[in-house]
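Two complexes are shown next, each including subunit A; its partner changes from subunit B in the first to subunit C in the second.
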Partner chain A sequence: MISLTLNVALTAGLDLAAINPTAFAGLNLAKIERLRIQYGPAQVRLADLFRITGTLDESLEINSESATLHGIGSALNSGKITLNGDAGDYLGAGMRGGEVVCAGNAGERAAAGMRGGRIEVTGSVGNFAGGTLMGATTGMKGGALIVGKHAGARLGDRMRRGLIMVRGNVGPQAGSQMIAGTLALLGGTATGLGTGMRRGTLLVADRDAVLPASFVVTGCYALPFVAVLCRHLAALKPPWRSRLAAFTEIERAVGDRGCDGLGEILIARGE
Partner chain B sequence: MQAKITELRGARIYDPTHGIDGEVRSVFVSGDGIVASPRDPGTIKELLDLSGCVMMAGGIDIHTHIGGGKVNIGRMLLPEDHLAERSTRGEYPRLGSGRYSPSTLLAGYRYAEMGYTACFEPAMLPANARQAHMEMADTPIVDKGAYALLGNDDFLLRQLAGGADPKLIQDYIAWTLHASQALAIKVVNPGGINAFKFNQRRLDLDERNAAYGITPRQILLALAEGIHALGLPHPLHIHGCNLGVAGNVNTTLATIEALAGLPAHLTHVQFHSYGTEGDRKFSSGAQRIAEAVNANANISIDIGQIMFGQTVTESGDSMRQYAGSAFAYPKKSVIMDIECDAGCGVVPFKYKDSSFVNALQWAIGLELFLSVTDPWRVFLTTDHPNGAPFTSYPHLIRLLMDRSFRRDMLATILPEAAAASVLGSLEREYSLYEIAIITRAAPARSLGLSTLGHLGIGARGDITVYTDHPDRERMFKAPRLVYKAGEQIIREGKIVATPRGATHVVRPEFDSSIERLLDTYFDQYMSVRRANFMVSDHEIEEFGQSPLIRHTARR
Partner chain C sequence: MKINGVVIENTFAEAFPMKATRLIITALNPTWAMNSAQALTGFATSVIACGCEAGIERVLSPRETPDGRPGVAVLLFAMSTKELTKQLQNRVGQCVLTSPTSACFAGIDHGDPLPLGKTLRYFGDGYQIAKKLGPTRYWRVPVMDGEFLCQDVTHLTKAIGGGNFLILAENQTQALAASERAIEAMRKIPEVIMPFPGGVVRSGSKVGSKYKALPASTNHRYCPTLKDVVDSALTKDVGAVLEIVIDGLTSEAISLATKVGVRAACGLGRKGGIIAISAGNYGGNLGPYHFKLHEILK
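What follows is the complex of A and B.
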């Protein structure tokens, strides 16, 4: 494993989008040290900011006390990146495969436009997690984002496919303009759930969740597919199994009828 | 004190305005212009040996969308372009971003980097003139100018529908040039943009506008005659009807015929040269257009060559852009009206060499370049960014100058498209002299820029020096030296100075009594008063910090 340890205090954003195990393939340490990265408006060598140790394989570790390391894992196809510290914006944005684990918080647009693989953030994520990349018309298209604490506003905005699971609270308008895909919200919710949602599923553990007026409640059910989904979620993160217990029965609401949407919000009603 | 004289010695000079074709001689630069050889050699303070180099005047792009509302909308619609391509510190004097929708700064730097020193924005809506000029003022180094759009505005259409006196139309044209600080008049889909608002989805040359009852032919003739009578240097700049429609070659030929000898410039004619032959009902009309252009000395064209890859199409032609929005890639677009006087359509698009239509479009553009015999009436453009970003010019020049390279490229496109074009059989190769014509001398002459586009005594010191190289793409990509108004701006491919370019305008005389009529019209229909609508000189000179160069009409 190659280990990068940040050894300067950053005064500007650092773009680490190009730094991943695949980019290191075939390089020796000296060459890795000379890789160019964008630091603020300037280009610097990787070794100007990081101490680089270890041997080359499929994994990379980044140790940092800065929250401005942007774009970590965004070009990842395979392999694993472990970040010990906070991530900046665009964590795993657009990533196609492999795994990113962030032991800290992540900034805006984590997993935006993600296409595959798995991202786990032990802390919280900012706004638009699983949302769109700049200029794109659809958000996350595949893979899984697992958030240990809270998520900001507009989680899964325009999401097309894939799964986001949040253990803590989510900000306003979770699942806004969703096209498809699944959000599992295991903590508290805020206003505007599923605003502008076309399709897709919001699994909501919060019994006090407030449905927007443009959602139509269709009744309470015990649906077999929810049981299958919950089994899958439990396998993804076994310690959170107890949070899924109440989904034996759900209340189903369909919307957003304000835009002819047929998305569903499933609120836990079981014991 | 006499200004310092610099002698540029030893380069082969291509100056078609003076018929100089590759002669080795010295050019003397002093102050902001080119001067005669000094009597006393002692006054030469700097001598540059440019043996093995090729010298031309600074490049002039006659049709490039670098300012105005639609360009900014394009930038806003495509943040991904700006994220993907950002300059880094030290690369240019200031930071910029974007490839096919470049920021103002980057557009100026990249033009200068290719040896271009003047660029002309062809679609400035008078209602948007202030914004367009401010944006162009923010584009460093290059000289600018803009063509005002007429032909879809309510005032003109009303006058035509009411059978107005041609003198009134002339005065209106002249007033518009003054009010919007423009250098020429362009018409975009004459009457069509307006007809779109009355739910017409196509408008051929002789179809009537549903609301005004007039035809594009009437509009074209009224404008072309008015411009001719005013004696403007640049004739009517025509973006004709039916852009991009298969079979539009007939419309284009009918347009040339309709003009009946009146001078006119047909722009991005590649997009207007399509036939309907073959299984796919899409074929090249380039040979027919080239024949017509060769036979009509009153017509000049620019090509609007396409290049394969991602770009964005930006046009005032909302009728055709609306039709094109179904093929947007990525799938998003902006189609809008501007002040009820014209439209705006921004549609991102990716040209693919595996697509029959796109591949044939590419071939049609090159066919036109190679089949029109008089280079003085063909200008090199890609209709930036509609056909391709302007940064592809060096590649395009190589395609024109190098037959074997062109054939290699032809072999890479979809074979059915290659077979549907006569491009493979065209032997012509442009010479450096002809390239100097289509990129400098001819645009300058067409626009009436007497001090630009040549290297004669009294010309402004806009000079580009290329290191001669058999690979013309490489040669034209990175000139060794570029001078702008006598100041060195590029040295060994690096920007060393960023002067502000001037703004070229034309000032024909007109009868000011039209202003009373316009005052009434503005008070009744427009969102601003006439006086506020007009862009004053000091806005350009003080706020834009861009000196005005006023050209006169020939009348």
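What follows is the complex of A and C.
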């Protein structure tokens, strides 16, 4: 495993989008040290900011005390990146495969436009996680984002496929304009759930969740699909299994009817 | 070779390659899972006229099913991928989709895909929902009791059809008793089905007929009422013959089922009226799989 340890105090944002195990393939340590990265307005060598150790394989570790390391894992196709510290914006944005583990918080648009793989953030994520990349019309298209604490506003905005699971609370308008995909919200919710939703599923543990007026409650059911989904979620994060126990029965609301949407919000109603 | 006084003839069952898949049908309770499975596997005794051969492999506990409900594993066998695809769509569409509280999952996760929910989803008339969890896609079709959940595809596997053995007894009652014992034991073996009614067939067939339109006709050499009329394969003391046909996913599974079944049938012994165990073959010209009784039972 190659290990990068930040050894300067950053005064500007650092773009690490191009730094991943695949980019290191075929390089020795000397060549890795000479890789160019964007630091604020300038390009610098990787070794100018990081102490680089270890041997080359399919994994990369980044040790940092700065929250301005942007784009980590965004070009990842395979392999694993472990970040010991906070991530900046665009963590795993657009990634297609592999795994990113962030042992801290992540900034805005984590997993934006993600297509595959798995991102796990042990802390919280900012706004628009799983949403769109700038200028894009669709958000996350595959893979899984797992958030250990809270998520900001508009989680899964315009999401088209894939899965986001949040253990803590989510900000306003989670699932806004969703096209498809699944959000599993295991903590508290805020206003505007599923605003503008066309399709997709919001699995909501918060029994007091406030539904927008443009959603129609169709009744309570024990759907086999919810059981399958909960098994899948439990397999993704076994320690959270107990939080899924109340989904034996769900209340199903369909919307957003304000835009002819057929998305669904499934609220836990089981014991 | 003899088992419990029953002669094991030195012959072999001749089987042929087939295409197969496994489905897992679940429902709210075991009764409704079984209702659906029985409907799906109905009229599927022989590819000669049913399109496929199908049967219940085993009952599944909630721990063994994808949705944590009681279930039944069924196996379907056909002579071609095209026919298996057709039978799958018709049978799941008419017998599982229609069955209250049911859901349908793939029971084999490798091999070429066979459409399942992929085609049945259109019943949802636009209200169906696709869900992809990991690599697996599901379809949720709204129906009058809630929702029909169906996996997008199941998978095809190479299989073997036509494994068999014959129970030769003094009379019909004894042959039937031995068959029932055999089937009870064989139903515990995974990866095999015995597709005929109760697992037993009394109208064993030969290839061809004096009537040109018929691909198969009665195996006259094993009909006791023709013993003195044709070149019978039966001795004078044989008064009834019953056959157990076995389809399996592997030759090992068929061999094991044959072994278990024959031993169970021989449990009645010569004193119970069981005279011999034989097997149906066509001189080795029909199928590449030969299940030799003496080798299996040694």
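We adopt the following convention: the second predicted complex is superposed on the first by the 271 of 271 C-alpha atoms of A that agree within 3 Å, B and C clash if a C-alpha of one lies under 4 Å from a C-alpha of the other, contacts with A are read in each partner's own complex, and residues count from 1 in each chain.
Keep this in mind: a residue touches a chain if its C-beta (ideal position, glycine included) is under 8 Å from a C-beta of that chain, and two chains touch if they have at least 3 such contacts.
As the structure is a prediction and not an experimental result, all values here were calculated from the model.
In the three-chain model built by superposing on subunit A, subunit B fits alongside subunit C with no clash.
Measuring from the middle, so to speak, at the Cα centre of subunit A, the directions to subunit B and subunit C differ by 110 degrees in steps of 10.
Within the superposed three-chain model, A:Pro238 lies out of touch with both subunit B and subunit C [touch as defined at top]. In the superposition on chain A, A:Gly26 makes contact with neither subunit B nor subunit C.
Once the two complexes are overlaid on the shared chain, A:Tyr221 sits against subunit C while remaining clear of subunit B.
Applying the stated contact rule after C-alpha superposition, one finds that A:Ala136 touches subunit B and leaves subunit C untouched. In the superposed model, C is the one of subunit B and subunit C that contacts more residues of subunit A. Looking at the shared chain after the overlay, A:Arg199 reaches subunit C, while subunit B stays out of its contact range.
Measuring only between alpha carbons, the smallest separation of subunit B from subunit C in this overlay is 23 Å. Subunit A residues in contact with subunit B (one complex) as well as with subunit C (other complex) do not exist.
For subunit C in complex with subunit A, the touching residues are 26, 66-69, 103, 127, 129-134, 138, 140, 146-147, 149.
Those residues of subunit B whose C-beta lies close enough to touch subunit A in the complex are 77-83, 86, 88-90, 95, 330-332.
The part of subunit A that touches subunit B in the complex is made up of residues 38, 40-43, 133-137. Per the touch definition, subunit A reaches subunit C in the complex via residues 142, 161, 163, 180, 182, 199, 201, 221, 223-225, 227-229, 231-232, 262, 264.
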